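Next come two complexes built around chain A: one with chain B, the other with chain C.
Right, the complex of A and B next:
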């Protein structure tokens, strides 16, 4: 290989090796280190793992995080679908392009500021309750509830889910849909037996992204969900920042990675699995 | 007509989804001009007080300076790495190309909080944490895939014969790159630089972990939000939004419009 080729090929290998694979690998190794007198010492002990895996609060957090991220994924998928369907089939290509451009905008606004906005909107004396109060309802408690957490997760993920679903639906071969209708298939039946199966891969990938983002987010469960119990990302922050217990935080992080790998592998298998003709 | 009712319902739902997505953005801009410390209905009077206080705040000024340094440096490094990798992918076939591409494309699939902990631990272990360039290093890893994707799309549009023609006419590989490939990629390079700068400008989890005392704007926002209800957040957020949108619109003008046409 000549020098020219190397100049272009090597930089990313060195950079990502040092600053992407290096950190992740070190984090796994660090989960076996020990902390003595607030200092980390190289070691190979299973103490952190034994400690974290036998604590009830860790597993409470684990199942709670899994449940909340799973609920958010389900809600986002169901909420986004009719919107994506409308964008894919009921508006012109021009409107669709503009809608997708608008949906990209939220990625460039601070997610923190949007969450803070929801905090003010959802608060006991906030905009929604003040509005409902004038017509004699409420006040309702929306902050520090699972509802608040899901609102936050959707703020982060819904635009992406709508975009991915729209692309998946817009790529369906319209002749197949038309054929089903011509052969006497009712609209609901066409939706379930033709449209959804054809868009399956895109719909599952959208849900997977929603899950990954929700599972790893600490802002929504902390500010809008009240952190009771803390989710795994909050547990990582608390363990790292207050206790200097980096190895224990690394245990939680590795647990999260393994869980995500398992879920991503399952989702990708489902997304690309060929349907057996029945 | 049931078809028309169904269409109406779908479009109504679409509108609701957009309201949900844009409500917090619009609300934060409105609150940033509202005199009440805790905004509710009815709104207070119009004020630019929160903007005055953030411009007078030395710490926020320092953070803005840090953010600009970080996002500009990140965009240069990430775009360079992205270009080198995209060009390699475009021109060469080799063994282990799959893992090679995974190396640059995988970071966005790892939750930021995990990257934050891993970066903090690794950078402090090698004695490189708590500096402004610690954030730059981390952000380059996180944003390079986006630069790579944009540049690869652009290279996909070039006629491979152009570069080959330059070689046949006697130009070196470097000369052909400079006179054929780079000019062709220029809009995408500018676009990738804007996009990576915008992502870096907004990132708070990793920056919060590795920055030490060198806070960027999003880290300041995180700290203010942790303390109490402070409408300054809305003013800072609106300004950050304005900055990011300017970068995105520039990226759009330089790239997306041309790709659409080409």
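Right, the complex of A and C next:
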């Protein structure tokens, strides 16, 4: 029996080892290598770390990426919630199934294609500015701005956030919602005092997914944000291109990994903490 | 009856094409312990939910203290319900659960903590106040749910089969807790249940419902000894039900003619109900006794129900004290003779 269990687990252990832990370990090791004459040499020096951690542009990029991904997470959570609430409580199970199916459809097409389609809408002579122009506003610059970046992040994450929130809300025990009303809780207050605490785990996991995907995304900040300023994924690409500085790019990558670990751990702790503060 | 607290008049509830409650009229007095009982799907829970405002009547009126409640939203009613699932909030501890209703009413922190603790202690669970509700036992959770509903000092408490998930010995204890509380507080309890032992043990009056209609309302002893119709006779207690024709002072059935009081005019159909615990059983043949053979027995402790079959296939039930069994030496196929005193029979004029 035990032998069987091991056999079945073996593929996932091998896969994780080969394609996740192995490269991760190599990346960490590589961040201590040196590049001389455009060639990487094995070494154990702290030079890359010292250089990257003391450069202002790295930290600017770090805080900017954190801020952008954080904003996208906040906007996605707030925009998705009414939609998810309606799908969970206001429509039939039939409509809910269809809605979730439709929310999966965006993932059929390439993210890059979906990103480019925003050009038509956001460009100086695009749909929005043409519309605003007829009533005497604009044109506004939306491409190559932080706004563009956030729009791109939401393109990637919003359908997923809506799906995860819908599932979280639909699993709420309706008796608890009715019990709150029965004990004198008005509908708006029920939402805050009962529905959100009950769906807390799912809502936080949805937000975490949004943050992780946005934080590591290259496409939106590059094509819609115009790399002004560059986010960490853009910084990684730029660093590898300029002078074959793979070790310095590895430093940035490790910084990102550590940040995500810290944020994910905090989020999971918050999500599964039994009680809310009262 | 004292002043009615709750009045349901001509209440109908439809869900789509299904009618859950048909034209229900019911008055519940101030301070009364009423049990609404019936098989599942009889409309008892829907009726309770209409009192709480969790369902809106399709027709008719629900009045509480004289005020028409049809359009009063749930959260403005003050009709707390103890749920079958208890519906305790998992993200709050025991004390915070009890405080919930007070918090909604804007009672300040110190005061609501004091009142919550008072109730937890009254129900002997003060020691568990800071515990997460899912670390509590079934009985403790039950008490938290009760405290949560009563802490706001409502005029009425609604109970939706809250004891159905408890172990048998805990049910008896909680029945004691409920009846004591109801007496002490003097408020109205409306208890929905499918358990006749709960209804008979606690209620001042029992409402029996079937298929969305009230089929009988009465005190427990009335319901038990003088069922108003065949449905109640079958649903409550263990009754032998014999259909027959009235002969004036006796009823003629397939098993013989038995003297009975309260029969309709001679020639009219009638039904004779004899409670299983009033039937006498003996091994020796007796005058007028019905010969039967034993099919099976159901042992529930102090009493045993014997299921017997008469010559024509009619099934008859006898309840005897367990200690009286020894003399009967019963085993399947044993022959017995059944009889009952003339005043044991209860006559239904419907068939």
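Here, the second predicted complex is superposed on the first by the 258 of 278 C-alpha atoms of A that agree within 3 Å, B and C clash if a C-alpha of one lies under 4 Å from a C-alpha of the other, contacts with A are read in each partner's own complex, and residues count from 1 in each chain.
Operating definition for what follows: contacts are C-beta pairs under 8 Å (C-beta built on N, C-alpha and C of every residue); 3 or more make two chains touch, one makes a residue touch a chain.
Here the structure is a predicted model, which is why all the values come from computation and not from measurement.
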{"item": "Room on chain A for both chain B and chain C (clash or fit)", "value": "fit"}
{"item": "Chain B versus chain C as contact partner of A:74, first or second or both or neither", "value": "neither"}
{"item": "Which of chain B and chain C A:268 touches, first, second, both or neither", "value": "neither"}
{"item": "First (chain B), second (chain C), both or neither touched by A:178", "value": "second"}
{"item": "Which partner, chain B or chain C, touches more chain A residues", "value": "B"}
{"item": "Touching partner for A:186 - first (chain B), second (chain C), both, neither", "value": "second"}
{"item": "Partner chain in contact with A:154 - chain B first, chain C second, else both or neither", "value": "first"}
{"item": "Superposed arrangement, angle subtended at the Cα centre of chain A by chain B and chain C, nearest 10 degrees", "value": "90"}
{"item": "Chain B versus chain C as contact partner of A:34, first or second or both or neither", "value": "neither"}
{"item": "First, second, both or neither for A:215, with chain B first and chain C second", "value": "first"}
{"item": "First (chain B), second (chain C), both or neither touched by A:194", "value": "second"}
{"item": "Touching partner for A:100 - first (chain B), second (chain C), both, neither", "value": "neither"}
{"item": "Chain B versus chain C - smallest C-alpha distance in the overlay, whole Å", "value": "11"}
{"item": "Intersection of chain A interface sets (partners chain B, chain C)", "value": "187"}
{"item": "Chain B residues within the chain A interface of the complex", "value": "6-7, 9-11, 13-14, 17-18, 20-25, 27-28, 31, 38-41, 80-81, 84-85, 87-88, 92, 100, 103-104, 106-107, 109-115, 117-123, 125, 137-138, 140-141, 144, 173-174, 198, 202, 204-205, 209, 218, 221-222, 225, 229, 233-234, 236-237, 240-241, 244-245, 247-248, 252"}
{"item": "Parts of chain A lying in touch with chain C, wherever the complex brings them together", "value": "173, 175-176, 178-187, 189, 194, 197-198, 200, 274-276, 278"}
{"item": "Chain A partner contacts - residues on chain C that touch it in the complex", "value": "52, 54, 73-81, 83, 85, 87, 89-93, 96, 100-101, 104-105, 132, 148-149, 152"}
{"item": "Interfacial residue positions of chain A with respect to chain B in the complex", "value": "2, 4-5, 7-9, 11-13, 15-17, 19-24, 26-27, 30, 79-80, 82-83, 85-87, 90-91, 99, 101-106, 108-121, 123, 125-127, 130-131, 134, 154-155, 158-159, 162, 187, 212-213, 215-218, 223, 233, 236-237, 240, 246, 249-250, 253, 256-257, 260, 264"}
